[in-house]
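Got some structures for you, see below.
One chain, chain A, appears in both complexes that follow, with chain B as partner in the first and chain C in the second.
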Partner chain A sequence: MRVAIIGFGAVGQGVAAVLADPVHGFTLTGVADSRSAIMNGDGLNPEEILAKKKETGLCGIEGKSAADILASGVFDILVEASPTNANGGEPATSLIRSTLRSGRHVVTSNKGPIASAYHELKAIADEQKVGLGYEATVAGAVPVINGIRHGLAGNTIRSLYGILNGTCNYILTRMRDEGLTYQQALQEARDLGYAEADPTYDVKGIDAAIKLVILANTLLGMNVTLSDVDISGIDLVTVEALNLAEDEGSTVRLIGEIIPERKIIRVSPRVLALDHPLVVDGTLNAIQVCTDMAGHVTFIGRGAGAQPTASAILADLISIRDYYGGRS
Partner chain B sequence: MTCRRVRTHRCDNVRVSMKLELKDTPGQLLGALKPISDIGGNIITVIHQRDGTSAENTLIVDITIELPEHKLESLIATLQERGCGVVRVGKERLHQKRSLIMIGHLMHTDLTDTVDHIDQTGYAEVSELHMVMPAINEPSTAKITIRAESPEDMRRAISILHEVTARKEILVLEPLEGME
Partner chain C sequence: MRVAIIGFGAVGQGVAAVLADPVHGFTLTGVADSRSAIMNGDGLNPEEILAKKKETGLCGIEGKSAADILASGVFDILVEASPTNANGGEPATSLIRSTLRSGRHVVTSNKGPIASAYHELKAIADEQKVGLGYEATVAGAVPVINGIRHGLAGNTIRSLYGILNGTCNYILTRMRDEGLTYQQALQEARDLGYAEADPTYDVKGIDAAIKLVILANTLLGMNVTLSDVDISGIDLVTVEALNLAEDEGSTVRLIGEIIPERKIIRVSPRVLALDHPLVVDGTLNAIQVCTDMAGHVTFIGRGAGAQPTASAILADLISIRDYYGGRS
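The block that comes next holds the complex of A and B.
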């Protein structure tokens, strides 16, 4: 099947690198970044485009854009990997909507459109009988979306708790292990490239909250928006808090929590026993669900990075090919 | 700075466990339970131990009851008058316990008032407070232990704490436990 990638940063490039391997059987036919685009129905050479992006900062022809790829129609699946806009998800939401309406599949790592318009986009996908994959939007490589939807199909989810932001988890891990203050640990995370120059979105718990909205709306039968999430971040957590927790054999982690029955959806720093399965170190992510039949099930793994995220996108691409492949 | 405090219970219903020693003859157990209901107590559980340790013709019974605290002494006296040995009494009113961490300007925002909001509920109280102040004008951190009668009361107490602390811009870290 033919794949076009919109957004050619860490994730988009990671996907192109994966598609370069013919073993997966996909053909790259379009790529766009913020200032350029390139497309060819017969196939592009991913390695050449990666090299060009590295040298010039552009992946294609200046002045062309994602809209031109869409108009050309030379793809079967659109991989949308442009920056997350937490507020409505534009321009990606419109792009995904038109792609689905044109009868093409979409796989995205972009949280914005899924958090703000999932029900609408899913309805269009169903009507057009095409796939909408978004495994990469929550917890990177960890197959939590497909794991819950398919692996735990038929179960009722009573509660969901998760470590959904690697930056926060890294900072809290370092505060505990090395006795660093919040500011010191944040600086270290920045130096290592785990935190953005403006870390607000991560440390205030907003990123984790958007992921909770996605989980709530797409898997737990809820219909909530970001403003329904009760959010506290980790920026006020003190070393003394970690020490007091440690005295009781516990520590502090930023936890996303959903209890559908009690209409609880919140992100907050919590005190957890050190041997709790959700106490994972560094930038790892972890999600634990409790269901009526399976009991507790815990997913742990890499929540970010070009390759782990490409892994989730590739899994969605392959699922779509397996399910719809015969048709196109 | 570190301060701890331990409070005494108020005069409310208490949950009490007792080990009773009865003669193993018909009607004895009923005779022991009757005074409990007579004084308005609630019988929660009754467990017979017929095995091993007790002497011949003696029946050991573990009971758990709820009753007004001030009636406990007279109940024990009544039971003993009736020839029923009270081997052990364990009092337990607030059997739910949760420790939370608070971060913020705890002293400047009237810590006593924060604690009073819980203590005034009648169904929950702050049994321990451990505060660490790194420096004047820096946010302080405290571990606060709340006891309550039931999980529902605990939930109510914690939500009161959230309301009070939100007004004072204090961050509350709840434990993650009782995963449903």
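The block that comes next holds the complex of A and C.
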């Protein structure tokens, strides 16, 4: 199957690097970054494009864009890997909508469109009998979407708890382990590239809340938006609070929580026993669901980074190929 | 789709109870236990059969058997839920083989056939274009097969570590937490129904080794048998050894391990740091894979019990229906 990649930052480049390996059996036919694009229905050379991007900052021809790739139609699956725009997911949502309407599959790592328009996009995908993959939008490489949807099919999810933001988890881990203040741990996270220059989005709990909206709408049959989430961040967590928890064999972590029956959907710092499965270290992510039949099931792994995210995108690409591209 | 259940102990009865809920959309058309069977192409009443089993010890008509259900052909998916026979998986393997050859799907919770004949059975299933589900054979409700196969598709597994036997994990947890001796903890596990009267199969590491063979052959592309596994059990673990580990912030757990590149496949008691993701309590199971792209991913949950096993079987039933029963 032919794949076009829109958004050519770390994730898009990671996907291109993966597609360069012929073992996966996909052909790269289009790439667009914010300022350029290139397409060829017979296939592009991923390594050449990666080299060009590295050298010139552009993946293709200046002035060409994602719209030209869409218009060309030289692809079967669109990988939408542009960065999440906190303000509602545009222009990615429109791009995904028109791609699905044209009868083509979409795989995305972009939280915006899935958090803001999942039910609409899924309805279009179903109508057109095409796939919509979004494993990469939550918890990076951790196969939480596929794991729950396929592995726990038929179960009713009674509650979901998650460590959904690696930056916050890193800061809280370092505050506990090294006795750093919030500001010191944040600075360290910045120095290591785990936190943005403006960390508001992470430390205020907004990123975790967006992922919670995605999980609620896609796996728990809910229909909520970001404004439905009760959000507190970690910026007011003190070393004293951590020490107090520690004295009781516990620690503080930023937990996203959904309990559909009680209409609870919130992100907040919570005290957890040190041996609780969700107490994971550093930038790891963890999700625990409690279901009617399977009981508690926990998934732990890398929540961010180009390779883990590319892994999730590749899994979606393979799912779509296996399901739609002929049964084996 | 019409489902027949072969083997009507705790797991088979758990599946029948699940199928009684019309929300799942399956029709029960055959049930066999070791001494009786019943079938009806128009559908059986799961609740009536469960009541009869409870009352009389038989699910159907004495003298009828699984062979009669197979011969009748009144089912689309066979759920093979008879207990694992340590001596090579018969008669279940033959039953599964002929069902697949007749062009019908099979879902099984029986480790024997998958550990001893996976590659042969999968080849028949592929040839007949039918499904072969075995999520329930490893780690009960934990969606490790589906989670890895679908969620980490395209990844290469470099190593796999797992807590694959809940009985052993329970005994080691109690020895550590309460300072019980091995014999005391084993007796407690027996009293609670976590260990068999003859616990050899569990405590000698054989059950974990069989699950390791399944994981190796189905997910890691290997072709091994039980005799390839280097096995040590937990029966020689002492309180002193646990105390020694404890002094260093560690504990002892029975770990199954596969490192394909180094041709390592073994089950043995190992010292793990207390905050290692595989250190789970009580009868829980945990599996950690390390892959080229996703890094370390860990799955934790209930490894045994009628409901968790029924959950895994239901997930396989739904997968088969969604994939083979018409695309949505």
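The rule we apply is simple: the second predicted complex is superposed on the first by the 326 of 328 C-alpha atoms of A that agree within 3 Å, B and C clash if a C-alpha of one lies under 4 Å from a C-alpha of the other, contacts with A are read in each partner's own complex, and residues count from 1 in each chain.
We take it that contacts are C-beta pairs under 8 Å (C-beta built on N, C-alpha and C of every residue); 3 or more make two chains touch, one makes a residue touch a chain.
Note that the coordinates shown come from a computational prediction; the quantities given were computed from them, not determined experimentally.
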item	value
Which of chain B and chain C A:Val252 touches, first, second, both or neither	first
Partner chain in contact with A:Leu186 - chain B first, chain C second, else both or neither	neither
Touching partner for A:Leu212 - first (chain B), second (chain C), both, neither	neither
First (chain B), second (chain C), both or neither touched by A:Ile49	neither
First, second, both or neither for A:Ser268, with chain B first and chain C second	first
Touching partner for A:Tyr161 - first (chain B), second (chain C), both, neither	first
Contacts of A:Leu220 with chain B and chain C, given as first, second, both or neither	neither
Partner chain in contact with A:His296 - chain B first, chain C second, else both or neither	both
Set intersection of chain A contacts, chain C complex versus chain B complex	296
Complex contact set, residues of chain A against chain B	158-159, 161, 232, 236-238, 240-241, 243-245, 247-248, 250, 252, 255, 257, 259, 268-273, 276, 278, 288, 290, 296
Residues of chain B touching chain A in the complex	99-101, 103-104, 130, 132, 134, 139-143, 171, 173-177, 179-180
Chain A contact footprint on chain C (complex, rising order)	18, 24, 126, 129, 135, 140-148, 150-155, 274-275, 277, 279-281, 291, 293-302, 307-308, 310-312, 314-315, 317-319, 323-324, 327-328
